[in-house]
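In what follows, a structure is listed as structure tokens, so that the remarks can point back to it.
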Amino acid sequence: MDDLADLVAGCFSRDADGNATTGRELGVIPERLYQDWRSLIAAERGRIDFLAICTPNDSHYPIAKAALDAGISVMCEKPLAVSSAEAEELERLARRRRLVLGVPFTYSGYPMVKLARDLVRRGDLGRICKVVMEYQQGSFRKIDFSKPLDKRNAWKMDPRRSGPSCVVADIGVHGAHLIEYVTGLEIRKLAADLSSFAPGNRLDDDASILMRLSHGAKAVMLTSKVATGEENGIRLRVYGDKASLVWKVEEGNYLHVKEAFGPERIYKRNAPYIASLSDVSKRCSRIPAGHHEGFIEAFANHYREFCAALRGVEGCDFPQARDGLRTIRFVDAALASNRDGGKWVEL
Amino acid sequence: MDDLADLVAGCFSRDADGNATTGRELGVIPERLYQDWRSLIAAERGRIDFLAICTPNDSHYPIAKAALDAGISVMCEKPLAVSSAEAEELERLARRRRLVLGVPFTYSGYPMVKLARDLVRRGDLGRICKVVMEYQQGSFRKIDFSKPLDKRNAWKMDPRRSGPSCVVADIGVHGAHLIEYVTGLEIRKLAADLSSFAPGNRLDDDASILMRLSHGAKAVMLTSKVATGEENGIRLRVYGDKASLVWKVEEGNYLHVKEAFGPERIYKRNAPYIASLSDVSKRCSRIPAGHHEGFIEAFANHYREFCAALRGVEGCDFPQARDGLRTIRFVDAALASNRDGGKWVEL
Amino acid sequence: MDDLADLVAGCFSRDADGNATTGRELGVIPERLYQDWRSLIAAERGRIDFLAICTPNDSHYPIAKAALDAGISVMCEKPLAVSSAEAEELERLARRRRLVLGVPFTYSGYPMVKLARDLVRRGDLGRICKVVMEYQQGSFRKIDFSKPLDKRNAWKMDPRRSGPSCVVADIGVHGAHLIEYVTGLEIRKLAADLSSFAPGNRLDDDASILMRLSHGAKAVMLTSKVATGEENGIRLRVYGDKASLVWKVEEGNYLHVKEAFGPERIYKRNAPYIASLSDVSKRCSRIPAGHHEGFIEAFANHYREFCAALRGVEGCDFPQARDGLRTIRFVDAALASNRDGGKWVEL
Amino acid sequence: MDDLADLVAGCFSRDADGNATTGRELGVIPERLYQDWRSLIAAERGRIDFLAICTPNDSHYPIAKAALDAGISVMCEKPLAVSSAEAEELERLARRRRLVLGVPFTYSGYPMVKLARDLVRRGDLGRICKVVMEYQQGSFRKIDFSKPLDKRNAWKMDPRRSGPSCVVADIGVHGAHLIEYVTGLEIRKLAADLSSFAPGNRLDDDASILMRLSHGAKAVMLTSKVATGEENGIRLRVYGDKASLVWKVEEGNYLHVKEAFGPERIYKRNAPYIASLSDVSKRCSRIPAGHHEGFIEAFANHYREFCAALRGVEGCDFPQARDGLRTIRFVDAALASNRDGGKWVEL
């Protein structure tokens, strides 16, 4: 979208034909199309600026590790790994080798999320007391379980591919990242109640998680893949002692701020007053006000910052290894708490 | 509203002047105006059909007990009592003496809540998996804590008047009742995280409660008096394996039903198709479609059913002693769980 | 609701039995129950403070005239009459005899409509340029035209009972009143396009009306009884050069204000900041914030002001004969313009 | 977005530097970068598949004419021309030379608009009676008129660049196209009331237009650039005798259908049931449900169909010369009616 990167090499499928077709469609020349990631890294070492990893969860760690070992920066889909130990190693490796390791949590790329963070920082909400974070999907309710699962759902419910968690690792991590990104607070402890409601699913597909944040704040996360009728139900509410804010991705152009003593305000993407409130929110708006900006543009915002970091720019605003690691610790703690009957567990 | 009851006697204030003024405004003759509830019950025994108790929490039990002992039916504001032991005694007393003891939980009197219950009963949602119940208020954020509290807020934060719980006993009980009323399931266990965020408040003013319901369902309740900017944020969501429903009191004329495989539907109060879906929802609608019906009409619905019960009608649809008792057990369990670091506690 | 008036006498039906039943239900003693309005006025002259007229349109004028002639003040349902000539006579008569003649246009009794008027007066919107007024109903689409019409719809479509206009006289008048009430401007000219879409209906059931207001503003009214699926679709938008406002009766607790250069604001009924914005809006709020207030309370607000006017208070805020008359002129102009192919007609 | 077209040549600015910079950014080699459109057409004749015209209104006709004369197909921004005579000539020319002449009216490229058309065709709404089309913008209220106008606003208010109409030609044409696209009816006659509210503006910036459609339907269009606080307020309502539909671009993923006798339904983009309702709507959805799809994707949908037409595919679904021409007739009729005091004018 910003013409900052070219796709020059790749490996798109375990299936040779699929790999060839996708490669051709995406304009990758046959010489730089690889049958597996190992040969890709071996051959492209020193030739590419970064590698984007968009594979099932279990392969994130080995691929990212190999790339970093080969001196290649990485943009790795969430979750960064399937355990804290793996994620810690990747984070350390990137740091030690001074490589860029990004994790493109989509939603912190939205302009109104950036505005939310700026309003919190400026003190508009006062002291944060409570955060309610939801990520509700009904995707597992659209499955006909009398038939074999399609590929995508199959690996998400398979512990060998998905890792030990399904809903928390797949979408709960977005929520954990958003809480920390917007409030600037850290998740310290949690108590989790996980469920497996979809027929035959052995992993978690619904979770209710209570949290303690730094500075005495509390939070709740509700995330599900069996929330029938929900599409992409991301809803973030932050309650401070002066005001609260509400952001919903399905109405993602708007940010609601409710004060104790004044009328509710709706801030709108790319409105004339945004620039004075938040430079970054302004800069991350690409199309005219009144049109919806979302998914694709948010990715582009992250990639733009990531590319700047590759060029050595300091203080770029995109989710990095540390953010990826923190969300994996969140997943591990949730699994541990749930195993232990909902006990409070430190991250 | 339905001209089923006349106010003929009363005691309206500890203050003699206030009592006289209110009595006069409400058309009570001086002979039947009493300085305290004891003399009222003594003098009106056998002359009145029922007594309505609308006093601070701590006096509910003694007044209700005295009235029932005197053979007088009672409509008692929630919470029915400040402990399960008290509530159990009142429930037993009413049962043994065949008196009617009602607790007017406003929100189960709304037509669209009755429709929700009927849709659940009919199986439209399939098997219920998860319930999310919110009752978010920002009332304690509108207080200027540098001044003395007004009367209403003062007793709500005072353990001697309010009992051992503030937000859970005051509004959480509405939520507990709604969960059981709409789903027909019972709250069995809970784990609670209570907070006191308002300056100087020693009682709970924010609560996050995880629940196990009968038949394997789970629930979450979020309730608060420090949710800055919220007015009367009652939002009930019930997720079944076929469909989910959403009801919000602030848009209380509407009930949203979201199916896994069909478009979202919005049922509207008093619409032509309602009668075939729910007789009780139809009957509880009083004003034309498109106008808001609420608070006052919901009370009237409860009182109409209560008055029918006084006349001996069977199967009346209004919250009774058992409902009041169950919500007090909910409060007690929440307090116990919170004291014990969030352990799961049986009701 | 405010205990300012008692119903002491009446005539409730042309049918003697229906009259007796309703009278009994409403607590009117048989001696003061009359078989027709003529005998009522003759007998109650000097005994009652005012007469409320809630009959089909064609009888408003003769009853109101007789009452005023007998020295009785009148609260007359809209439309005040079926022609401007009649309405002018009533207005003149009330003025000359110093009687109070009210027309309870419900919607100007809503607190947020009063706030809207106060914000306009204070200059928050700047110079008003355009008003878009809608009153969309789908009631004529819920009729099964293969069966005889029910009583209410029958008289609304019958020119002898309803007068020469159906939708404009029945609900368009609410819109005309709201435009003038909120903006303080006068409707000067209009061009109307009326339709009869319901099967067999000879009167207008859908109207689109362009208007010129005083001070160079323009307005559009869209009103219909064949707008399938609409319930009580009153939506008022006022666009000024500094800000615009939106009010919808179906979300009647809220008033949206959108500025050119600031975030949208949502003012809420009975919120703490309302008092400083609008004393009258504050005073007309009766129940706690977050609950819906509407229809019944708006009538009560008008009656409270009407009763104050009966007691001789000056400057009461309720719709009077002049407001009723102006809306009848609006109806007459719409009919004339439509007859003449949509030509612009002065009021 | 679909990789169907490459930008190989262009002329991007009257200013040589700007032209060079933009050309470089867009990857056009200097040899195929032109200082004016005449040299571009002369040199690229026979080398390009089509020319996209995105210039101020007054140049649409001469550029499109020259391209068509040179045998080059054209995608021309709306309005196709500044008079019906010009538009007719272009339409005739394209037809005679069998070239493709597209006009990318964005909003008919939205999946939910295509679904709306399919539901109307299938008869879900019954007979269409009334259409209410709004396109409300507040852009002219964000201008500081004490300073010189920026380039974009300057040409929009300048009759020499913009043609004889501002708001009707600029955005009203979108509305006219949407009415005809969704309902399948034709605009036959209209009566228009145009205003110039922005300081110093000599062209129309606010319009209220009454219409007669084919088959006895009626329509109203409200369009404005001075509707303070509106962003991109496109709202289409179609009322049939069985049901009505509502689509708003600002909530463009959703289509509301309100029946006379059933609950309101909300159809959602890319939901599982959409495929059975509308093949085209399904095909035009590109990203997962619950994310916003809009502006950019709608253009891509039009271009995809346009490119198919270039390859000779029949029955492609994108706005063509005839659609462009009809909207110019709409503009001419609106100007004529307004000049003549709002008389009804045939298209």
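Labels for the chains are A, B, C and D, by order of writing; each one numbers its residues from 1.
Here, a residue touches a chain if its C-beta (ideal position, glycine included) is under 8 Å from a C-beta of that chain, and two chains touch if they have at least 3 such contacts.
From a predicted model like this one, the values you see are computed outputs, not experimental measurements.
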item: Chain labels contacting chain C and also chain D; value: A, B
item: Repeated interface matching A-D, over half of the contact pairs identical, chosen among B-C, B-D or C-D; value: B-C
item: Residue-number overlap at the chain A/chain B interface, same or different (half cut); value: same
item: Chain A and chain C: spacing of chain centres that average the CA atoms, whole Å; value: 54
item: Centre-to-centre distance between chain B and chain A (centres being mean Cα positions), rounded to whole Å; value: 40
item: Mean-CA-position distance for chain C and chain B (Å); value: 36
item: Shared interface positions of chain C, touching two or more other chains; value: 142, 230, 257, 260-261, 264, 268, 271-272
item: Interfacial residue positions of chain D with respect to chain B in the complex; value: 257, 260-268, 271-273
item: Contact footprint of chain B on chain A as seen in their complex; value: 125-126, 129-130, 132, 138, 141-142, 191, 193, 195, 197, 206, 208, 210, 218, 220, 222, 224, 226-230, 239-244, 257-261, 264, 341-342, 344
item: Partner chain A, residues of chain D touching it in the complex; value: 3, 25, 27, 137, 142, 230-233, 249-253, 268, 271-272, 287-296
